[in-house]
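Structure in structure tokens, see below.
In this document, chain identifiers A, B, C, D, E, F and G correspond to the written order of the chains, with residue numbering beginning at 1 in each.
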Amino acid sequence: MEIILAIVIGVLYAAGVYLLLRRSIVKLILGLIFFSHATNLLVFLAGSLSKVSPPFVQEGQKVAQASVADPLPQALVLTSLVIGFGITAFALVLIYRFYQSSGTVDFDQLKED
Amino acid sequence: MKYIFVKIVQVIAFAGFYLWELLKANLVLAYDILTPTHHMKPGIVEIPLDIKSDAEIVTLVNLITMTPGSLSLDVSEDKKRLYVHVLYLEDPEAYREEVKTGLEKRVKEVWS
Amino acid sequence: MENLLMLPLVLPVLAAIVSLFAKNSLNFRKASGVFFTLAQLAVAIVILVKVYRDGILVLQVGSWPAPFGITLVADMFSAIMLFFAGLIGFTVSVYALGMMDERRLKFHFYLLFNILLLGVNGAFITGDVFNLYVWFEVMLISSFVLITLGGERKQLEGAVKYVTINMVSSMLFLAAAGLLYGKMGTLNMADLAVKLQHEPASNLVNSSAMLFFIAFGIKAAVFPFFFWLPASYHTPPVAVTALFAGLLTKVGVYAMIRFFTLFFMPLGGIWKELFLITGGLTMLIGVFTAASQYDIRRILSFHIISQIGYMIMGLGFFTPLGIAGAIYYMGHNIVAKTNTFMVGGMVSKLKGTFELKSIGGLYKSHPYLALLFVIPAFALAGVPPLSGFFGKFILVKAGFDSHHFLVTAISLFVGLITLFSMMKIWNEGFWKKQPEDAEEVIAYQEKKLGFAMIFPSVVLALFSIGMGVAVGFFFDFCMTAAHQLLDPSSYIKAVLGN
Amino acid sequence: MQLIRIVGVVFFLAFLTPFIDKRLGKISGYLYALLPALLFTLLLKQLPDIIDRHFIIQSIDWFPLLHVHLSFYLDGLSLLFALLITGMGTLVFIYSGYYMQHYPMRGRFYFYILLFMGAMLGLVLANNLITLFLFWEITSFSSFLLIGFNHERPEARAAALQALLITGFGGLAMLAGFVLLGNVAGSYELTDLLQDGAVVKGSKMYMPLVLLILAGAFTKSAQFPFHFWLPGAMEAPTPVSAYLHSATMVKAGIYLLARLQPILGGTDLWQFSLGLAGAMTMLVGAYFAFTQFDLKKILAYTTISALGMLVLLVGIGTELAITAMVIFLIVHSLYKGALFMIAGAIDKTVGTRDIRHLGGMWPVMPVAAVATFLTLFSMAGLPPFLGFIGKEVIYDAKVQAPEIAVYLAILAVAANIFMVAVAFLFGHGVFFGKKKDPPKIPREPAIPLLIGPVVLSVTSLFMGIYPAILTQPLVLPAIDAVNASPVKLHIQLWHGLNLVFLLSVITVTLGLTLFFFRKPATKALRKFNQRYFKIEFADLFRKLVESFLSFTKRHTEVVQHGYHRFYLMLIFIVSSLLVWYQIYHTRGWGFEANWEEVPFYLIGISLLIITAALGAVFTRSRLVAIILLGVIGYAMAFIFILYGAVDVAITLILVETLVLVLFVMVVYHLPSYMPKYSRPTSRIRDGIIALVFGGFMTALVLKAEFIKISPPISDYFLKEAFTKGHGRNIVNVILVDFRGLDTMGETVVLMIAAIGVFSLLKLKPKKKKEE
Amino acid sequence: MISEWISAVLLVLGAFFMLLAAIGVLRLPDLYIRMHAATKASSFGALLMLVAVSIHFPVAYVIIEAALVIIFIFITAPVASHMIGRIAHLLKVPKWEKTIIDELENRIHYDEKGGKTDD
Amino acid sequence: MILLSTVITNAANVAMGMLLLAFFLAFWRLVKGPSLPDRVVVLDLIASLVIGITLAITFLSGEKVYLNVAVMIALITFMGTVAFAIYLKKRYYDK
Amino acid sequence: MSNPYSNIFRIAATKLRPLLFILSLIVLYRGHQQPGGGFIGGLMAASAYILYALAFNSAEARRKLPLSTSALLGTGLAVILVSGLLSVLAGEPFMTGMWTTLHLPFGQELHLGTPVLFDAGVYLAVIGVLLTIMFDIIDIE
């Protein structure tokens, strides 16, 4: 694993955490997206790094070359990306409706009674 | 048959013109970007339109944007006037004339 | 015949399709919504019986051989959980007929309900780590929508908390799954078990286990990750809370037990201690918090947390009896907890509020409701011969057998405080005279409790009694499950062949 | 004889009460009395067999895996208790038939009390400790329901809860004790345990299990310092007080101690604990009884005292002490049941139980008066009543007890002096002295109310006069059971003049003296109580509960403070600690980062992401943050492409753009970022947390040995994607075929998200009227 | 070999024009002028690079796809810049002080509310 | 995979460098603003830069499949710019 | 007051809609062999309509749809389920791929299988999802 990518993952997580700890609800959602980016990258990189050609079976062949990247983490990341999209969309509308009904974007005013 | 042939020639000619204009535009722009001082004299010019169809208008807008020194900003609601941001504007009237006789005519030709 | 295992997944999806197409007929949607939950229950029973009789059921989805495709596995543990999911699904869906307002029903309540069950069912029967993640997400998103359905301010506030914390948990889960795949090169649980046996704990495996622990801990609402639950569970309509209370946290516990028995715990490490500490603290802190509340739903919500502690403690004992006890406790808790929420819902339907300080006189005016409350409440408090007593007895025995005296003592003490909380509801809501200055109650037009609300509560009450009276019968399943869990060879063999 | 049927039939009848009571109305109580009467005779018929030591053991498997059986055991001890329960039960039902006839919710009363009777029978007949515990708890709960029977009174509710919590606490401790006992002995069957006394006593667990079991017995039997729930329990209707809180339920603890005496008894710990608790209870009960006004409270405290005495006797554990215990047990049940019934009868007919409003009533209620005095004599231990025999044996037992004899004798005498005084106080206060002006005109209580007291007092009298015929057959088998060996004992009324008799005389004399000086004495004592001895245990308990509640409230404010971001913060902190610990624990701090040759553009792209992330975190413009988020997405797509993930990259870019669009559409409706919300310190704190969290993720990735230990399962996909999956795009084949189920779930997630958005936007709460 | 060189040169040139666009966006004095650079230079750069790809991978579907991208960019880029420019003008994003004439402002009847340009 | 000639590799590396540089310059303007339309222009530019980088990677790896990514970017990123424009438009007409 | 909508954008959106739609079908079709597939295809198809809705309004875009959004969702899900259940009818485990080969003129062979059908279901469902979400959000005023 290239150290730089490890750092990127860490930075994305840190950014996510920092944003999640802010009071603004918009930042909260941003934080979640960062978190999800970081996770996807982590899953992808943890699964396959050594081989870089795209996982296709070449025309005229029946078996993929040994040099292709591990396709499974790609499929996993794809699935989680799409799921993440669905949930993010929902969360976005949720904060919009939250703001609409409570009139604030300050999370500290969410304090339950 | 002849019509199609003429059309093809027209389109190719138009494409060539377009590419040439594009190249010119970028070179001029490159010069101005890379030199320390700006030589521009910008202004926004209204151009009354003779062309009517949507396709023609879009083509013209596109063309104006992609050619040197001009950028389409808006089309009026009745689609009769076009507003263009011009970088090197000496005389609005002259520019209007230039578009009417140059670009608009070519667009009309291509879509006719 | 192995295709039987697809039914818990296919039925809810069918329910969703029907609901999407039957846009204009609300009655049809209701009927089909309930029908499909009933069908799921029936299937779950068939699976339970088959697993008990013939051993572990396996479906290799898509005919792909085991570690490569996704395997659906029903061992005893899964089958038991599946059964309870079916039971709760069916009873709550009937309850919702009497509880849910028409507007929510129009907005695909039963579709969401069935899909939530899809997620739960899927989580219980999948034999694949990543597939489990997917079912968790299915469960989560439908719970997100159910918790917000109706769009009231409280709901939205609760939902924001619920959504954010649960999303964090999902992502930790995903990260852990990714790391595990990176090291082990497989996602199939049985395959992981085999490969981990040969590979003593590496840094990666241990750390991803820790991430799993945190992720499942958040889902299961254990200390110190439980805050989202009491912040949100009291906001949606009771039918929704009843379903959540019964099932959702248990899925977290299920996953915890599955992962840590199948592959992590045998690796050694701090897991047992971690489970015992978390279990103990979860019990204590949850029950303390519950004792201070005066809103029925909140009391019950906090108790969900404290009860989770028992299950985690049972896992921490890591003996057959401890794990079987945890499973039995889960079943008991699913039934009793759901039922208390149902009764709470009936109280609010009668009185228009959940606030104990404003409620009273129900013992006199609604004696059968009182009885309906007492049974699950006593069950939760561990009164014999109801289910909760044996749950506690088994765990206490398991704790003493394995010489974990402190945490076991805590569990007994927590039982006492639970009793106190339940009796608080009883004293205030049922015995006390209806306070005459309770404005919200006076302003409220008392509604009739329909058969649809009472019937499911009766069924669950009978179940709480049955689980206690016929404890030998029920515990036999749990013990079988625990033996399978602690000796995964049969699971591995069923999934992987040799 | 099927013991389970004896228990079962009572429960069965209990569950029929809702139906019976509707049909029969007021007379149902008398009818219910038939059942205990029948059971009493059935049980009595077993007496010869039991005397011949033909004990009955019956068992049904219930939960065999954990050795829990529905097993029952009838020997002398359980028979004695069962007879008490059914006999007293008969009288109490007759009494209730009249007493409760106009009560609202009468049906529930009979339900609860039958439930109790069944449970109590089950408790004394159970052979399995867990079965015993089951019935034990049911008695607690039926007691709870009965104490709170007048549930609209706050005092009744509080008293019920108090009693339940205390007995519940004891019960849980006892359960723990039972489990330990079962673990040590390998069985929960009493009949097995009786063989294993030595093993148990030799076990390491002996002390904890004894203490735990004692907690159960002491709370149930109202031993000091748990005694205070019993006076509170007087909130229950009087039949309940007579039955549960004097004759039967409170004796359950005594029963248990007697039962376990052969197994656990005889050790210093046992003797010391029982002796201490019993003596304290005996004294405290008697003392407080003397200063009460309420007839039922007086009786409650004397009951406490008697219970203390019984515990003390069990603790002494000599043969004689056990004999004394058994006899006194009977004596007490007879007189205390009767007295409670009379107190209730007076309350019912006269309208008050306050001794200050009662007096001089013997002319109007002679039958009641006679019955009362007969029982009071028994209570005071005067001959020829059974009470006298009881007291004699007690003194005898104490005198014979080794070592502590003197102290015990003094204590017992002191307590009994108060008892004698209380007895006279009671009788005199109600029937003699000045006539008072009670709420209702005094008259003879109705016959059903008097049947009980008369029968009991007469029984007491005859048992005293003919001990050999009536008492001995009942007592001997019970003593036999406790001592686990046959006894040869001759119970008689007259032992002759000896030290014991002398003690009796002293007791009565001093008691009478105290009675004559009752006015100054009670005044002084009350004053003393007010000034120096203010301890109200019930208050203490209430305060304990209250402070617990306020503790939980404070606790809740701390734990569930409502600030969402602190919840998140805690999660992050704990996760970081746990994972950092785990990383360190397994590998130490050594890193194996390999600085391979990294292409410059990878660094460039990484820097791009890092810059954009920092920008998004610190920008003051939401839209810039959103755009930067998009940029991060695009840049991540580059990484995906660089590592061969085409479909992922495409999907990421599409998704990222859509999220951008969504974000813009939604954020448009939200207000701009506010001026900085948080203080610099909290920003630094959050920054540190963020770095620690991100740091462990980096460390995890760096320290992970990503060399797969075996060929990954994806090798199979490379081979089979085209041949079996008919696709060249392996990722797509995985998505739609190898792992199609994932994709199905994913599609469902999307669908639900869409429905969620739809319902969020379209289903809004109805506008309430403007407030 | 020649084709390789041609595609290499086109590749670098394309990237250069994109860089130019970025420099322009950074350096030019007002939004409208910056848009000239962003739209024209970046599209042109993409065009060059896509031609380079077509030359380098002379396969039918690569060429078709490259053409598709070119067409798409050249359809959408002016539309996008028009939309931004128009709205920027409506929002009265300041013009460079040397702008000599604004006939859009004079002729079009705007309602005078004006909006915020920053957030 | 095609064996890459050094010429192309070098050219792609140079292109990559320039594009990344362009990216950072765009960031600069993005942060500077000052108006929102300024930032949207940057977004539009970034969309092009993304295509450019994708093409550069295509050259570097020699995998022509990656061209697909460029196609998708071209097709879809337009929507982002449009959304911002519409956001601005709404802001104007709502005020 | 001038037109809030841009004519040019409207024209562009009108022209792009069929183009994107056809491209999306191509992407779906060749997804099994080349980059693409149901999700990406569905996203493209949806973006055709989203652009249209942005240029005009949601109601207008809905009118251009052959099916309602919820019917799209339902159909998509049904197609997915059917593709999985076909093998069950044949007595194989759930979701087992069933393939047939169509022999087209010019010697072309077309492999048709349930996984492709599955992808088509995903395609439909994704369109339904994105349009449900975006139309409603665009409608927020």
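Basically, a residue touches a chain if its C-beta (ideal position, glycine included) is under 8 Å from a C-beta of that chain, and two chains touch if they have at least 3 such contacts.
As the structure is a prediction and not an experimental result, all values here were calculated from the model.
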- [ ] Starting at chain C, find the fewest moves between touching chains needed to arrive at chain F.
- [x] 2
Open item on the list: On the document's contact criterion, could you list the chains that touch chain D and likewise touch chain E?
Closed with: F, G
Open item on the list: Relative to chain G, which chain's C-alpha centre is the most remote?
Closed with: D
- [ ] Quick one: point me to the chain whose Cα centre is farthest from that of chain A.
- [x] D
Open item on the list: Centroid from C-alpha atoms only, then distance chain D to chain G, rounded to Å. What do you get?
Closed with: 62
Open item on the list: I'd like the Å distance between the centres of chain B and chain E, where a centre is the mean of that chain's Cα atoms.
Closed with: 15
- [ ] Just give me the whole-number Å value for how far the CA centre of chain B lies from that of chain C.
- [x] 67
Task: Inter-centroid spacing, chain C versus chain A (mean Cα positions, whole Å) - done: 28
Task: Per-residue multi-chain contacts in chain E, two or more chains - done: 23, 35, 39, 43, 68, 75-77, 79, 81-83, 85-86, 90, 108, 118-119
- [ ] Would you mind listing the residues of chain G that make contact with two or more other chains?
- [x] 2, 6, 8-9, 12, 15, 23, 34-36, 39-40, 43-44, 47, 50, 73, 77, 80, 84, 95, 97, 129, 133, 137, 140
- [ ] Could you list the positions in chain C whose residues touch two or more of the other chains?
- [x] 13, 16, 61-62, 130, 134, 137, 141, 144-145, 148, 151-153, 160-161, 164, 168, 172, 175, 179, 181-183, 187, 231
Open item on the list: Quick check on the complex: what are the chain C residues that touch chain A?
Closed with: 130, 133-134, 137, 140-141, 144-145, 148, 151-153, 156-161, 163-164, 167-168, 171-172, 174-175, 177-179, 181-183, 187, 231
Open item on the list: Under the definition above, what is the set of chain F residues touching chain E in their complex?
Closed with: 5, 7-8, 10-12, 14-16, 18-19, 21-23, 25-26, 28-29, 33-38, 40-42, 44-45, 48-49, 51-52, 55-56, 58-59, 64, 67-68, 70-71, 74-75, 78, 81-82, 84-85, 88-89, 91-92, 94-95
Open item on the list: Which stretch or stretches of chain E touch chain G in the complex?
Closed with: 68, 75-76, 79, 82-83, 86, 90, 108-111
Open item on the list: Can you tell me which positions in chain G touch chain C when the two form their complex?
Closed with: 70-71, 73-74, 77-78, 80-81, 84-85, 87-88, 92-97
- [ ] Please give the residue numbers of chain F that touch chain G in the complex, ascending.
- [x] 65, 68-69, 72, 75-76, 78-79, 82-83, 85-86, 89, 93
